[in-house]
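In order of appearance the chains are A, B, C, D, E, F, G and H, and numbering begins at 1 in each one.
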Amino acid sequence: MKPTDIKNLLEAVEKGELSATDALGRLKSLPFEDLGFAHVDHHRHLRCGFAEVIFCPGKTAQQICEIFERLLVSGTNVLATRAEPGVYKAILARFPRAQYNETARTITLVQEDPAKLIGQVVIVSAGTSDLPVAEEASETAQIMGSKVQTIYDVGVAGLHRLLGHSEQIQQANAVVVVAGMEGALPSVVGGLVAVPVIAVPTSIGYGASFGGVAPLLTMLNSCASGVTVVNIDNGFAGGYTAALINRLAVEGGPAK
Amino acid sequence: MKPTDIKNLLEAVEKGELSATDALGRLKSLPFEDLGFAHVDHHRHLRCGFAEVIFCPGKTAQQICEIFERLLVSGTNVLATRAEPGVYKAILARFPRAQYNETARTITLVQEDPAKLIGQVVIVSAGTSDLPVAEEASETAQIMGSKVQTIYDVGVAGLHRLLGHSEQIQQANAVVVVAGMEGALPSVVGGLVAVPVIAVPTSIGYGASFGGVAPLLTMLNSCASGVTVVNIDNGFAGGYTAALINRLAVEGGPAK
Amino acid sequence: MKPTDIKNLLEAVEKGELSATDALGRLKSLPFEDLGFAHVDHHRHLRCGFAEVIFCPGKTAQQICEIFERLLVSGTNVLATRAEPGVYKAILARFPRAQYNETARTITLVQEDPAKLIGQVVIVSAGTSDLPVAEEASETAQIMGSKVQTIYDVGVAGLHRLLGHSEQIQQANAVVVVAGMEGALPSVVGGLVAVPVIAVPTSIGYGASFGGVAPLLTMLNSCASGVTVVNIDNGFAGGYTAALINRLAVEGGPAK
Amino acid sequence: MKPTDIKNLLEAVEKGELSATDALGRLKSLPFEDLGFAHVDHHRHLRCGFAEVIFCPGKTAQQICEIFERLLVSGTNVLATRAEPGVYKAILARFPRAQYNETARTITLVQEDPAKLIGQVVIVSAGTSDLPVAEEASETAQIMGSKVQTIYDVGVAGLHRLLGHSEQIQQANAVVVVAGMEGALPSVVGGLVAVPVIAVPTSIGYGASFGGVAPLLTMLNSCASGVTVVNIDNGFAGGYTAALINRLAVEGGPAK
Amino acid sequence: MKPTDIKNLLEAVEKGELSATDALGRLKSLPFEDLGFAHVDHHRHLRCGFAEVIFCPGKTAQQICEIFERLLVSGTNVLATRAEPGVYKAILARFPRAQYNETARTITLVQEDPAKLIGQVVIVSAGTSDLPVAEEASETAQIMGSKVQTIYDVGVAGLHRLLGHSEQIQQANAVVVVAGMEGALPSVVGGLVAVPVIAVPTSIGYGASFGGVAPLLTMLNSCASGVTVVNIDNGFAGGYTAALINRLAVEGGPAK
Amino acid sequence: MKPTDIKNLLEAVEKGELSATDALGRLKSLPFEDLGFAHVDHHRHLRCGFAEVIFCPGKTAQQICEIFERLLVSGTNVLATRAEPGVYKAILARFPRAQYNETARTITLVQEDPAKLIGQVVIVSAGTSDLPVAEEASETAQIMGSKVQTIYDVGVAGLHRLLGHSEQIQQANAVVVVAGMEGALPSVVGGLVAVPVIAVPTSIGYGASFGGVAPLLTMLNSCASGVTVVNIDNGFAGGYTAALINRLAVEGGPAK
Amino acid sequence: MKPTDIKNLLEAVEKGELSATDALGRLKSLPFEDLGFAHVDHHRHLRCGFAEVIFCPGKTAQQICEIFERLLVSGTNVLATRAEPGVYKAILARFPRAQYNETARTITLVQEDPAKLIGQVVIVSAGTSDLPVAEEASETAQIMGSKVQTIYDVGVAGLHRLLGHSEQIQQANAVVVVAGMEGALPSVVGGLVAVPVIAVPTSIGYGASFGGVAPLLTMLNSCASGVTVVNIDNGFAGGYTAALINRLAVEGGPAK
Amino acid sequence: MKPTDIKNLLEAVEKGELSATDALGRLKSLPFEDLGFAHVDHHRHLRCGFAEVIFCPGKTAQQICEIFERLLVSGTNVLATRAEPGVYKAILARFPRAQYNETARTITLVQEDPAKLIGQVVIVSAGTSDLPVAEEASETAQIMGSKVQTIYDVGVAGLHRLLGHSEQIQQANAVVVVAGMEGALPSVVGGLVAVPVIAVPTSIGYGASFGGVAPLLTMLNSCASGVTVVNIDNGFAGGYTAALINRLAVEGGPAK
């Protein structure tokens, strides 16, 4: 249920096509659907600006398909993350328009064609091995309506590679920086820009990376201001927050 | 050195008042001052939109005073964080206009009077014990030019306290949520708004809070989208990032 | 050996049908059976109100079958947890009345038909991915004689889903709350009820969940009173304790 | 605001002494009071069965006094935990009936005289050094209306000390077990009783206790069923939950 | 090279059958053999009372066979731990007298027939799932010449099972206690005996056992005196140390 | 109550000087004394070979004095560990024969004069900074009747210092090795002797020692066989276990 | 692009064969190549003395082949680490001169034949199971031009094995010490030599090695001076740094 | 005992001024002096190229003075680290030529005047708060004979500050990089030089620095080759290793 649906509902009441009681009932019943194993939150688009996203691990292919369908029916774009190829196969069989990004492990189905993607989100990765996470961020930001540019494999051990792209980075409304190993890249990028940097640690590295704890701590302790951090390997959160900020920068927010 | 200074410099070159070589020299020499024990980064305002901030722990009162002076001379507002009362006393003796927020442990000296604070940043705290961190965020966001509203002691064990303020929260361009103990508040707030939530864990709590590790992990694992995290007790980082986003939402960013 | 068996034994002594010495001997010999690889604790029903439960990991199928049989012979209901399908197959071959809950990975065999399940235990889960743990709690509480209601996928990022069930939750004698990721749900539920909340962290989540450490710490640090915590993914412990409390609430305890 | 107050309010409406609109207003305004630095949650007694409790660390003596007063005015018993002697001195100056338990560091002020304490909560400690935590549990359970018995210094290295009290322990409706060092006591007690055991780890011990992590993990991994755990040194949480269970056992719960 | 070999060598010198220089050369060359990938330490039997033991993980079957052979040639009993079935197969093909204990994953080949095993080592396990570790301890203590008794599955949740064996335990010269989950058993056993207890934590348990960290910490923090600890799942170390103590108790040590 | 007291009691029964019922009563009443805040375990000498030891932290000076007195009255030697100078002052005022070892922080009072200390325990320390822990071990082993030799500051970075004492070390029945920093010393000592090595990690070191975690892990992972470990800084446990082994080596154990 | 290439370029300018502008362009364009998924850093040889090395995990075989080719074309020796056999197969198909060290999991292709390897690097391992890491160090040091000697399986539990090689070790310019389990070997080696010791912890060991954390901490806390540490299992870093030092010792550095 | 002393000793034997037996005796007796509480290792200069260094924490002022004297007597330069002002006062009273660096907390006494300091060690710090550690490194490297240059407060958030010194850094034979917070600086420096970088993490930072764990992990995971790491706040180890490498680069090593 998108804001425009709510508006239509209220106008129908205004025009006398719908009683206040019926409208209330519909609003009350709409927020979520109880599928037994899941409560699909149709209210989220209204509250938070984007529909519920399906996090696949721990759900059966059948459960994912059912939630996917409920979201489709509500009219929004659909995004499923951490989807194994087998899950995509099951989704594809029922929803032939669904797309799969193998590297990012995302399934997407675009229903509302964004006339044009807006603003600019830049996604930077420290190494080639960080691509799955960076691509998840990219897919997420795009389905939320952001233009995205990617700059990959520009880790701090060869600074000139990063500095060669600094102009490009400085044109973004928000920058997502994805890095494993020592995770120093967001601090350096944070020192180059005047917009928020969302740092995404990855689990790539030798033993004492501890599955991404090392870059996570690095990023939390960044000496550069304006750097905030999301969970290890959580490209989705990076792309989502960058898209929120990008939208605010282009369209403005509630407070002006 | 603020962007307008740079512009003046370049115009002087254009008008023939200054040779290109001299301009280059001045630019090259300006970015930082080497005090021996510190390199004051005057370039930061230019690159990142706000001058260098003084993090006091581990510095002597004399070192802090010297850096404070250098920043003052460059014309920007000055902010020092984690300042013990003794440090403030030393600063006050030399800079009588400096202000101290005892709860936040911040010293501020406003040189550029912002005609009017812009937008809206909301700072929410879970408990009364989290005030020092929340106040640090508030001082930071304000000195960077943001209007700030604070809502304190609205932890999730009494949801009605938070929900009673939901309208207020939904009018912000960015929300800073400060919480110790289990740190659940950002997830709940994140489910109520369509703008970024910057979560700041605090070290308040019983034993297994482990000095703030518990709320830190809670926030990193938030099931709400749009929540990013900064270091434990780092109210400065929360206020700084919120102010960046607030400015983007009011003034727009580089990419449009 | 259930309390009624003990009572019968003592009455037989009272009636002179059994000598005190013989009774003592039987009592002494009954408490446990030494199978070499295991000491089956038949005394537990008497002491703790429910028979020993078989924790399957690390035991061979044959060992599990043998312990299963000994418990059956003693007349109690039997519960085996964390049972792989292969184990169930072996059990089923020998005990055709054994039931398997594939999601919960529990094997149950009900011998004492509870005339009617008593009271009310409510089991709440934050996400669909938490179902295996929630179902283990449900199976456990039921075989111990409790009526159970389940409310799944009502995480705090969409509070209205939970609040829509608050009346139902407030009718329970004990609530089990199962949550992974940031594990904030028990704090919110704890703020809504006047009965104990048993919080069960799960290992579902992105990297910095650290296999359930994040929700575990969240729950231990809950700002809501009346929340206690069990081990990660230990649905059994959640269901067991809830059933104990439920029985006390319906039947009263030793102290009145 | 206690349940009976609500009932009186509703009866006043029923009798026509108060309009529905006015009643609603009063209910709406009552749940919390915003003191600026704190939102006092008067609703909690109604929802959870006991008024808000004041956790002192991080609050100034003046803030504590103000919250204390608000709670007193609402008519409930008041409990403040982790109160330093200086805080008690400030409280005592304004509320001469306030009591201080030096070992437990609790301040209590009983307004509603419980005709008679009900049921039985037993509090067991492993060592003499665990007394501050055990006493906090005891004070909490008593102010919530429970009869309390304490058995101190009965650690597992001298089992006969514990077994000598087993009859006493078996008469409780709920048992709180407080232990530092290796924290093995709750497992042994859990094997002796048919009621819930709330385990409270303490920070007492040699180096590798890690401030209570060792007993915390021990308790979470207890092989005895019916053992749940609260935060390190959190005697309050132990006493609170035990009192909840004790009340359910004596008075029954919502579901019967 | 066993002590008797050294003695023979020295007597040959005494009798003039061997020059001092030659003896020295032989002694110097004997201590270790360099196989390129391994230095076999033939000196260890002489220094420490038992030959080198082969820890299999990370070694190829071929490497293990070669080290096995070198040790056999030196005349001692041979023990290989953590041996996969495939390794045993390779060993068996070359050394048909080698024995395999599938539960313990040990390969043994007894060359020196101990006229009679001496003293008494008791090995106690908390659960059936701890058997692989307990059996490794048992195999090790036996090949070092100790009589061994095993008492399995006597965890603290059913104390009577343990107490029923207390007499047997009190007759040991050293007790090895193997326990996973909360690891409380060594503390209880330590309170019953006047000889050293070697505690062996196992990695058996639910999530917050953290692969054996929970019982490890429990054991290190034991409130019972005389309890020392070895590495997680290291049954070998437990059996080895118990056998050393047992030998001291029967044969006496260097200092009398 | 020491073993000989028990024997006297039983002989009194044998001789008809005491009825069986009276003897039973006395035995039953003796095991512990309940002081309210403590259960003094007089049974321990009987079960474990040495009386209860007073661990001072967390106990008031008055509580320590009272327990001290009860133990004195029972006739055994008394040992109090981790005693601050203030505690000793209080003890000395009431028991003038009490001795204080300032480095070890132990208070001792010898009542049973051991005709002659037996066997040999060697205590080795890696550095001078480890002395407090090493001295605690020494005091403990001596009050339990062992001869003790100490070798201090022989860390592995200067192996010749250790090897210069190897003969002395090889004459011990048990060796206690105390080390902070990297804690490598027990592995080297373990490779030199044929008796158990009890390793005691200390909290001495730079940052990544983590209060003794580094040497603790080093010791648990020792590649030398026969090394067991006790808690960080727990010299008492090291000395106690070494004394137990030393006694077994000189007097033999229960099983022969 | 190696230093000699740069020199040739500059000489071409000097000789008038190339304009300054063209030279600049070539230098500017050379530093890195953007392959989309990777920025190959051809500048590194110039800056750091050795070309970029390919870390294989997380890269597809096709990506590795493409980077491999780009490096080959630039004329340097190529090293790929952590290469699975399948990756080698793909490389071999395109570059038949590539070599594979199965134990080290390295692929190497030598293009610049070093007339003669220089100096001396010694690589010592504590156990046979540490060979994969030690061999990775060896391959790395050799491809960087160092002579290498290896001494394997000389752990501290049998010191004579190490001391038998001390002369050999003392002839090195740099020593790499590889050790798992307790990781004590670098401290002992550090006490024997006057050159830097690079300590490489490995993940070999029982449970409480925690995947190499135990030896890592041991090495960081080494009481021997001159010991520095690299990441767990990172033989590459060990060999690389040793080769740098070795080159400095033979050829001297920038400062003389 | 320095190498030249050894040489003199041997020449005396050669000339017949000293018998071989006497020389041997003197060599044997010299290596260490047993002060009871310490074994002073006079052999270290001979083996490792620099005399023993006094680590003050945990030693009494008197013990430090005594060790100081013994080292002085042996003729070497003396260095004591982590010395509190009180310790320096005690040293100064007895050795008036001793120097104190208040920031570094080092006491030094130079006996052998190095004709001229050699080579070049550069010490870089990320922040002003890291000075105590950087200065400890500087004092150490200088007393070992190295020329030292320091560059302070050039963290990665303002890269131009570092890059402005790159020429200076590239002239060093070894670089010590000291950094707290996120510790990213060594990776960036490592990408700029062709000599070893010794990274020293400091405990400066906000909460999730965990006393220096964050920069420690960052440095261990550095993506730049040639970076090795020492313990948290261990400036001594950094300066020591850099001086070793510097000497090798200037004077060459054993292998040529």
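Simple rule for what comes next: a residue touches a chain if its C-beta (ideal position, glycine included) is under 8 Å from a C-beta of that chain, and two chains touch if they have at least 3 such contacts.
In this text the structure is predicted, and so the values were computed from the model without any measurement.
Any chain touching chain A that also touches chain D appears here: B, C. Using the average of C-alpha coordinates as each chain's centre, F ends up farthest from chain A. The chain with its C-alpha centre at the largest distance from the centre of chain G is D. Of the chain pairs E-G, E-F or D-E, the one whose interface repeats that of A-B, sharing more than half of its contact pairs by residue number, is E-F. Between the Cα centres of chain A and chain E there is a gap of 55 Å. Chain C has its Cα centroid 39 Å from the Cα centroid of chain A.
Centroids of chain C and chain D (each the mean of its C-alpha atoms) stand 26 Å apart. Across the assembly, chain E contributes 44, 127, 157-158, 190-192, 205-206, 208-209, 213, 216, 220-221, 224-225, 231-232 as residues in contact with two or more other chains.
Screening every pair of chains for touch gives A-B, A-C, A-G, A-H, B-C, B-D, B-H, C-D, C-E, D-E, D-F, E-F, E-G, F-G, F-H, G-H. Against chain G, the residues of chain E that register as touching in their complex are 31-32, 36-39, 41, 43-44, 52, 55, 57-59, 63, 67, 201, 203, 211-213, 216, 231-234. The part of chain E that touches chain C in the complex is made up of residues 127-132, 152-154, 157-158, 160-161, 164, 204-209. Against chain C, the residues of chain B that register as touching in their complex are 126-127, 155-159, 181-184, 187-188, 190-192, 205-206, 208-210, 213-215, 217-225. By the touch criterion stated above, chain B contacts chain A in their complex at residues 44, 47-50, 53, 119-120, 147, 170-174, 190-196, 198, 216, 220-221, 224-232, 236-237, 240-241, 244-246, 248-250, 252-256.
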